[in-house]
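Quick one: the structure is below, and I'll ask about it shortly.
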Amino acid sequence: MNELAERVKEISDQNVYSCYLCGNCSAGCMFTDEMDTLPHQVIALVQMEDKDALEKNTSWICASCFVCSVRCPRGLDVAAIMEALREIKIRERGFRKIDLRKIKDIEKLPQIAITAAAQKFTW
Amino acid sequence: MKKTEIIEGYLGYMRESIEAVEKTRAKRLKETFPLMSLEEREKILKKFHPDYKEEAKRPAKVGPNKGDLMPHEVADLLEAYPLAKPKDIDLSKVDFDVDILIIGGGGAGMTAALWANYTGANAETILIVQKLRLGDSNSIMSQGGVQAADKPNDGPGLHYLDVMGGGHFTNDKKLARRLVSDAPMLIKWHEDLGVIYDKESDGTMVTIHGGGTCRKRMHSARDYTGLEIVRSLKDEVLNKNISVLEFTSAVELLTDEQKQVAGAVLYNMETQEYYVAKAKSTILTTGGFGRLHIQGFPTTNHYGATADGIILAYRVGAKLRDLDAVQYHPTGAAYPEQIVGLLVTEKVRGLGAQPVNKNGEQFVYPREPRDVEASAIIRECYKRNNGIETPTGMKGVWLDSPMIEILQGEGTIAKKLPAMLRQYKRFDIDMTQDPILVFPTLHFQNGGVIVKENAETTVQGLFAAGEVTGGTHGKNRLMGNSILDYSVFGRIAGINAAKYAKKAKIGKLTLNHVTKYKKMLKEAGIETDRKAPILLPEYRGEKVLSRTLEIF
Amino acid sequence: MEVLYYPGCSLKNTYPEFEKSTYAACEKLGINLVEIPEWNCCGVVPSLATDNVMRHLGAVRSFINAQEKGKEIGTNVVVTLCSMCYNVLKRVNLILKEQADVLKNVNDFIDDQPDYVPELEIVHFLNLLKNVGFDKLKERIVIPLRGLKVAPYYGCALLRPDRPKGVPIDDPENPTVIENLIRSIGAEPAEFPFKTECCGNYHIVFEPGIVEMRTKKIIGSARSEKADVILSPCPLCTYNLQHGNETLDRSEQVPVIFFTQLLALSLGVKSHLSTEMENQILKKIGGEKFV
Amino acid sequence: MSEEKNPMATIYIMGKAYKVPNTLTIMKAIEYAGYRFIRSCGCRGGFCGSCTTFYRVKNDYKLYVDLACQKRVEDEMYIVQLPFMPAEKPKWDIDKMKPTTDEVIRVFPEIARCLSCNVCTEACPQDIEVMRAIQALRRGDLEDVVNLTFDCISCGACSIRCPAEITHYQVFQLARRLHGKYETIPAKHLMERVKEIEKGNFDDKMSKLMDMNVEKLKQLYKKREIEK
């Protein structure tokens, strides 16, 4: 297992090598329009230890809706893999995906939304 | 019970005395020691109050109050030489050019800043300089409360009588009138700011007695009254973008050719750099002199209470008054050693705790004016020898705090005196179960800079408010009138300084008054290395001080 | 029936009508909701990182308080209304039941509270209703909402993921519990192919465009099925859908309400709907007499 | 107090060992050792929160926090002070706000990151249940927040230790002011008294008092009835 895949396994308990790249996850994903790379393609990158997987916007666009996880024929929790990719970045020293103090129109947002974003986009 | 064994915070021999206190408690709950008459008060003050010790005072040798008696510690500073030589200060380079300079960032300073702002002074044109952090002051430490005659059975007239009587009728009547008349308005202002006073469920203020009050008019915020007010003021000052310079003291006032005050020379305590601050009006809100440890007393005061304000004002020619009147709070902690001198708020007595001697006997009405109460405790300890001696040789009397729980219900102390409870708990003493040991402690500078009703001093361009001023309380301040003092006169100072700044024209900055003052000292034959203001007290260990080399 | 109740932040702050209508309905149905004392924020979205146990602490602290309260009143059932809370609590509870090492880790860390013994059952209010029985529920209906077409929206958190096993309250691909509820209160469930689609979740904060794209589709689907209202079990979905509505013309909007509000209305108790909304519904069911 | 009578303790001030009498508070011990405070010393009485001190003791991994002016030294104590809590003070206009949690979270969205780890509570020298207060805020109960945090002296120890980087003391200040301003009932008697004074209802009486000589005042003073 390559180092990146190892790291993903460590965080998500998912073995990316189980994936045979059928593309079911990408087919069901509601957010692919916004993604520069499809979910299964990102998994392929991890399999090949291509660190680009971390730079793609895929994991950040993922909304943790878990449709992919429910539909994976290999039983992979794809959303958890996306979370692992996010976590690897978030845990880097100095990395900052978002700035909570700079949320636009924050006066309109409910606590639940801010909390959800804070949980997924900050460590 | 071994005499030297510590049991729940107290030594064995103290426990024996506590047993005596417990024995008389039931009886004492039903009776209160009678109030002294005015004549009796006068007598006990003369005999036992530290202010009446002749050898502790001397007349000032120079300046506007030449010949007036004051404690040696104060006279020493008035007769000390300036910290900076005028020729070392380049007045042509102005670092801060503001409308209003406020020296001192406690309650008075912040109140003045806010009201100056409300009066139309832009936040950027107001500068507060503060020796410690903004708000670190005696104001934040005040626990018990603030007086205001706002209940139907009360009125400014009764409050006025209390103020005058407490001050032994030596007060400036106009200031006293202003103090009591503006009181409710300032409490209302606090309420609007969001200060959380203790209230009944219908909004009625919970008020209790203080020493020397005839009505229950002490408003409190648990026993963190000062903290609650100061943190709200601080929040508002910062919200309004009023400029603040922390860890910066004023070391000299500035004047112009017209001899009006025109700002101050500031000193960055960390970089040791001086700044020239030019101002159209200057407000002194520097507080008092507790850290001078007059007659060696411990003090309740904060670290920076070193009389800077009166020194600065005196050098520009402002007249002072009543500096011989020092307030000793009757109940400072006398045990354990770590907290000696810290305040045991008068609210403890207000809620029903009686002072009792080592035999568990009452010897004074619990809420006499502060100087009278303090004198009675000193008499009990040193004349009648009924005090309890601590391991460090101090003496004190018991304050029977468990009575509060009996009189007001269990849990009252935790609810109304959380700061006190915490302070003693830190040293294993549970004041809900055991009495606490107290002795008078240096608390307040009754006198100070003379001000008129509009908070102006006798020098043009210089305003003052709060503990640095004299007159309002005469020779003795009542509990709950210090927060009131800084609120009422802080507001007035802010408003009038803002108005004054609009019209004032400042000429060329000078330190001529300092040169003159130095000359005056020389002429009076005063030869000393002592310099003032001292800015901070010196508490370093003797051994260290005796071996200090000045190399850097 | 007495059960423990975990409200969550939205019901206390943003959407009190969700909680209030539930209380009203429960009173009618003889369900006594006992709020967990001092519950903590659940975190809204569960951490999927297996090595980040810290994220579970909020849920666990609430479990501990629930466990202690449960001992007092004799129940181990915790009901949630917010589907985000449900998802987090259910998931964390299952993890603690299955993974002794995580449980120990968490219990060791929380040294200021009693240990958690994972015996609580986390139940969503919809399942509680199901257990009461939709037939029985039908008998209690005072105002049958005949003629009202309702789009049952599930969102994600009630149905996915099935990891650990047991999180979904219904079939993740074809749930029916809300439809059953709709029928039992006399209304008609709309065929609603977008009922399990994601509203865009937390993207509302930094990428509202994504939410707008998602909710437009969801609302459009409800609209094309001629739904009068969208019924939501989730405060975040509700917020996002309402945000979506705001970006649409009035004619394209479909109002979003909480399922408990409609339930309360049909039970004849206070629905905490806006007056306008309530009148609209009553008008629709020909219930002018109720207006 | 002589050194013979009182046992000495060895303390490490920022790593350097000094022998000090073991009866001293940390603050007095630091001074005894020869330091002169400019920062980290304020009221010296437990109210201002400037002397926050972090320390460890021998054979203990735990990081303790206390106020230097209120804590007695122990032997083998490793001491450092927090002279300043690095944080900007966010500005707000209290007159334009509502007393809601959402309002507070909008100023301090980092509250949303609270993990419930309770490290803040462990750090509080005032024994405030800090995490509980943050959670009370999330529940929308401002009054509870006020009651839990009334004794907060804004020392910042909680905030230094918070993994979510919340500045609790600022959050609580806002919560207290919102509650105080909007959720407590204004005192009616106070409002009325302010109006009466503004109207000049007491002017005559006060003027009479002012004109009285001291003897007369003394008579009046003696005759005051003391409220029971």
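The chains carry the letters A, B, C and D, assigned in the order they are written, with residues numbered from 1 in each.
In this section, a contact is a pair of C-beta atoms (placed from the backbone, for glycine too) under 8 Å apart; a residue touches a chain by one contact, two chains touch by 3 or more.
Everything numeric in this text was worked out from a predicted model, so none of it was measured.
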More contacts between chains, A-D or A-C: A-C
Most centrally placed chain, judged by C-alpha centres: D
Where chain A and chain C are represented by their mean Cα positions, the distance between them in whole Å: 25
Distance from chain D to chain A - Cα centre to Cα centre, in angstrom: 43
Whole-Å gap between the CA centroids of chain A and chain B: 61
Chain B and chain C, separation of their C-alpha mean positions in angstrom: 58
Residues of chain A touching at least two other chains: 103, 109-111, 114-115, 117, 119
Touching two or more other chains - residues of chain C: 9, 13-14, 41, 43, 55
Of all residues in chain D, the ones touching two or more other chains: 101-102, 138
Interchain contacts (touch definition) - all pairs: A-C, A-D, B-D, C-D
In the complex with chain C, residue positions of chain D that touch it: 100-102, 114-118, 121, 132, 135-136, 138-141, 163
Contact set on chain C toward chain A in their complex: 8-10, 13-15, 41, 43-45, 47-52, 55, 82, 84, 156, 159-163, 172-173, 197-198, 200-207, 210, 213-214, 235-236, 239
Chain D - residues contacting chain A, complex: 101-102, 105-106, 109-110, 112-113, 138
Residue ranges of chain D touching chain B (in the complex, touch as defined): 1, 23-25, 28, 31-39, 41-48, 50, 70-72, 89, 91-94, 126-127, 146, 150-151, 153-154, 173, 176-182, 184-191, 193-194, 197, 202, 205-206, 209-210, 214, 217-218, 220-222, 224-227
Touching residues (chain side chain C, partner chain D) in the complex: 7, 9, 12-14, 38-41, 43, 54-55, 57-58, 61, 109-110, 112
